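The letters A, B and C name the chains in turn, as written, and every chain counts its residues from 1.
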Amino acid sequence: MPTDTKRVRGPEVSQSPSLVTSKPAAALPSSGPRADGRQRDQVDVRPVFVRCGLVSQAKGSAYIEAGNTKLMSCVYGPRETERKDETDMKCGRLTTDMRFAPFSCPERGSWIQGSQDRDFSLMLYESLQPAVCLHKYPRSQIEVSVMVLENGGSVLAHAVTCASLALADAGIEMYDLVLGCSVRQDGASYVVDPTYAEESGGSCGGSSEDAGGVTVAFLPSLNQISGLQSDGEMAGETLTAGVRTCIEGCYKLYPVIQQALLKAVRKAAPPPSES
Amino acid sequence: MAVDMRLPTVSKTVSLSVSAFDRKDLVVPGDVITSDTGFMRGHGTYVDEEKLTASVAGEVQRVDKLICVRPLKTRQVMSPKPFNGEVGDVVVGRITEVQQKRWKVETNSRLDSVLLLSSVNLPGGELRRRSAEDELTMREYLQEGDLISAEVQSVFSDGALSLHTRSLKYGKLGQGVLVQLSPSLIKRQKTHFHNLPCGASIILGNNGFVWLYPTPEQQDEEAGGFYTSLEPISLSDREVISRLRNCLLALATHKVLLYDTSVLYCYESSLQHQVKDILKPEVMEEIVLLTQHKLLEQEG
Amino acid sequence: MATVQVSEAEKVYILHGIRDDLRVDGRGCEDYRHMEIETDVVSNTDGSAKVSLGHTAVLVGIKAEIGKPRPMVPNEGYLEFFVDCSANATPEFEGRGGEELGTELSNTLYKVFNNKQSLDLRALCISAGEHCWVLYVDVLLLQCDGNLYDAISIAIKAALFNTKIPRVHISSDEEGGKEIELSDDPYDCMRLQVESVPCIVTLCKVGHRHVVDATLQEKACSVASLIISVTHKGTVTCTRKVGGGSLDPESIFEMIEAGKRVGKALHAPLMKLLQQEESLGKKRQKVGFLG
C-alpha cells in the first residue's frame, strides 16, 4: 500500500475536545432543584411543543420538542407489502426505524445505524405495535421513521409519543395513542423526564443501590403498558414506583398531545358542507 | 418454584436386548453388501462394478432376491429423519397451506402430504356432493396450523403422500398434546388408535407424530369430525396426558419401541414419581428399565 | 426467533392447563425445566460454559484481551457481548436470518450489565487510562427450544465464574515508560467475583397468568413477556417488555414481584453447582457436547 510520507497524518481515531477540557463527569447535585428549575421527586415533565404535519410528502408526520430534545417522525403507508414470503398475510406489517443525527449528541455519531439505534427501533416497534389495529391492514405495511435531531435526554420516551402522533396524523387506525415517559432514579430521589446531563452524569455516588432509568410506553385510555425498559440496579419496589411515576407523567402529557392532534385534524378538515 | 441444576452426565441407553454393537446387518454408505450378481437392487443401494453397495447407513433387509437398506432414523428425538409412508399408514399431521381443492399437510415426510377436498367427509354424510361453495369454505373445516389424523390413501410418484379422512376415526384433532418422535420407534400394529385404561387416548401415527387426548365420551357423527370442543378439560385428565407425554419422551430417549402395551407399562412404572420429575435422567432410566422388565415378563 | 405452529385447540389446551397450574410437561407455573451446566468446555477460551435447558442449548466463550479503557471511565475495563444465532439452531437463522435476534439479545445483555454492582470492572483495569482487560463474551446458540434469555444469562454467569485472567505486572523503567509483563506461570491467574452477576428470568403472560421457562409452544400462546434480570440480593438490573402485546400495569407489577422471587432463588443452586464442579477439579469426567 503506498503511504503518504510527505505529510503528518492525523490519528485514526479522533475524540471530542470536550473530553480533554472538561473535568470528567461533574457530579450533579443529588438534592435541591434541578438545573432547569424543575422539582425533584415530583412528576414534573418538561413542557412539550408538538405539531403535526410538517413533512408534506409523508402520509403523516409529527414534531416534538421537550427542552432540548427535538425529534421528528414520519409515517409512510399503508401500502402493499414488499415481502411476499411472509406467511401471515392476515395482519399488516409495521416497521420502525429510529436514527440519531450525527450531530444530535455531544459526541459525533456516525450515519450508519449502530446497534443502539437498532435497539431503539425495536423498542419503538414493540411499544407501538399493540396500539395499531394491524388486522385492519392485511397484506400491507406501514413504515414509521423517527429522526432524533437533538438529544436532550429521554429520547426513547419522546420518540414513542412522536411516532404515535405521526401514526394518528396519517389516519392509521389505532386503539389508543401511545405516550412515553421516563424516570431517572438516583439514590433515594428521582427525576422525571431527565435531561441528557441528568441521564449520563448522574449516579456518580458509585455505591448507591438505586441508580437507573425506567422508560414506559403507555396507552392512557386503555390503561395498558405497551413498552417497558429499565437498566441500572434498582430494588423491586423502586422499579414499581418508577413505573407508576412514568404512568403519571404520561397522563400529564395526554391532554397536550390530544390538543395538538385535534388542532391538526381541524386544520385538515374541509369546511362543513352547506346543507 | 423449582429449579433443578446439575452437571451433565454421559448418557447411556438402558437396554435389555441385544446391543446394537453386535449386529452384523448394519452398513454405511459405500459398504459392499454382496458381490453376488444374483440379487436385485432395492432402495438404499447401488451397483458399482457388479458389486451391490449400500448408499445409506442402516439395516440390510432381504426379501427373496431383493436387497434393500433401510435407514435407521433413530438418531435423536428432536430431529427425526423423514418418514416414507406406505398405503394404509395412520398419520398425524399439521395443515400448512390451504390450496384450491386441497390442503397441504406436514407429516414429517420429505414432501408435504396432500389432503384432497374429495377425500374428506364433509358434514352431512358420505353421499354429499361437493359444491363450489365447499371449495370457498375449506378454511372453515381446516385451517393452517390445525392438526388432523388421516390414513395414507396413495403415494404419488414423487414420494408425496395423498391422505384421506373417510372414516369417523380420522379427522380434525381437538384439544390434546402432540409429541414428535422418530417414526422408526412406532411399532406397526393392527390399530394405532388406543383408548388406554389409564384414562386417556393415544394415536400413534406411523410418521412419528403421537397425539394424546382425553378419551372422548361419544363421537358426534353429524359433524364429520370437524367439530372441536373447547370446553376445559378436567385436571385429572390433564395430569394423565402430561404423564403419558413424559413417558413417551422417556421411552423414545432410550429407544424403546412404542405401542399400547409399552406405553401403558411405562405409565404404570412412572406412577411413583411426580409428572415433572419423569424427564430427569435418572428417573427416566429407572422407569424405562422397569418397563423393559415388565415387557420381558409379559413376553414369557 | 424459531417459531412453531400451534392450532387453536392446542392453544386452548395449553391456556387452560396454565390456568390450573399444570403445564403440558407436568410443571407448575414457576418451575424450570431440567438444566445441565458444564464449564471449561472449550480450551482456547479463558472461560467457557455450556448450558442446556430442556432442548435449548447455549455455549458461551469468554476471551480476555488487553485494550484501552474507554475515555469516560479510565480506571475500568469493559465487557463486549456478541450473540451468534447459528444456522445449526434452526434453518431460519441461515444467512442474515439470525442477525436481528442476535442484536436484540446482545443489546439486552449490555443493559443487564450496565451498572456498577454486577461485575467489578475496576478489577479489570491494568493501568488507568492506558491498559485494561476487555472481556469478549461470545454467546453461541446451539439449539432453540424457548427461553433463550434465561439460559444465556446462566451460561454467562457460569463462564465468568470459570474465567481465568492471567496476572500481569507493570514494570516501569527509568524514563517513565511502562511495560506489561505477563506471568509465566499458567496457574497464576485472576478470578472474577461473580456473586452479584444477575440472572435473567423471562415471564410469559399466558391467559391471565404468567409462566417462567416457557417452551416454544407456550410462547406461541403468549402475547407478551417480561424479561427481568435479578441479582442474588434481589435487586433488578434490567427489565424489558418483549413481544407484540401490551400488559396491564397491575400484571406488570405482579410479574416483577414473581420474577424477583424466582430470579433470586436461581443464584444459590447455581453457585453451589459451580463450586462443586470446581472442587472436583480434574477428577470430573468431562461430557462436552454429546451429553
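By definition in this document, a residue touches a chain if its C-beta (ideal position, glycine included) is under 8 Å from a C-beta of that chain, and two chains touch if they have at least 3 such contacts.
Note that the structure is predicted; figures quoted are calculated from it, not measured.
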Chain nearest the overall Cα centroid: C
Of all other chains, the one whose Cα centre sits farthest from chain A: B
Rounded Å distance between chain A and chain C, as computed from the means of their C-alpha atoms: 28
Separation of chain B from chain C, taking each centre as the mean of its C-alpha atoms, in whole Å: 36
CA centroid of chain A to CA centroid of chain B, Å: 51
Multi-partner residues of chain B (at least 2 other chains): 144
Chain C: positions in contact with at least two other chains: none
Touch list for chain C against partner chain B, complex: 5-10, 12-13, 16-17, 19-20, 22-28, 30-38, 52, 55, 143, 212, 261-262, 265-266, 269-270, 273, 276-277, 284-285, 287, 291
Of all residues in chain A, those that touch chain C in their complex: 15, 19, 24-25, 115-116, 118-119, 122, 126, 129-131, 203, 206-207, 209, 211-212, 214, 219, 222-236, 239-240, 243-244, 247
Chain A partner contacts - residues on chain C that touch it in the complex: 71-72, 74, 103-104, 106-107, 111-112, 114-118, 224, 226, 231, 234-249, 252-253, 256-257, 260
Chain B to chain C touching residues, read off their complex: 1-11, 78, 94, 96, 144-147, 173-178, 228, 230, 232-233, 235, 238-239, 242-243, 245-246, 274-276, 278-281
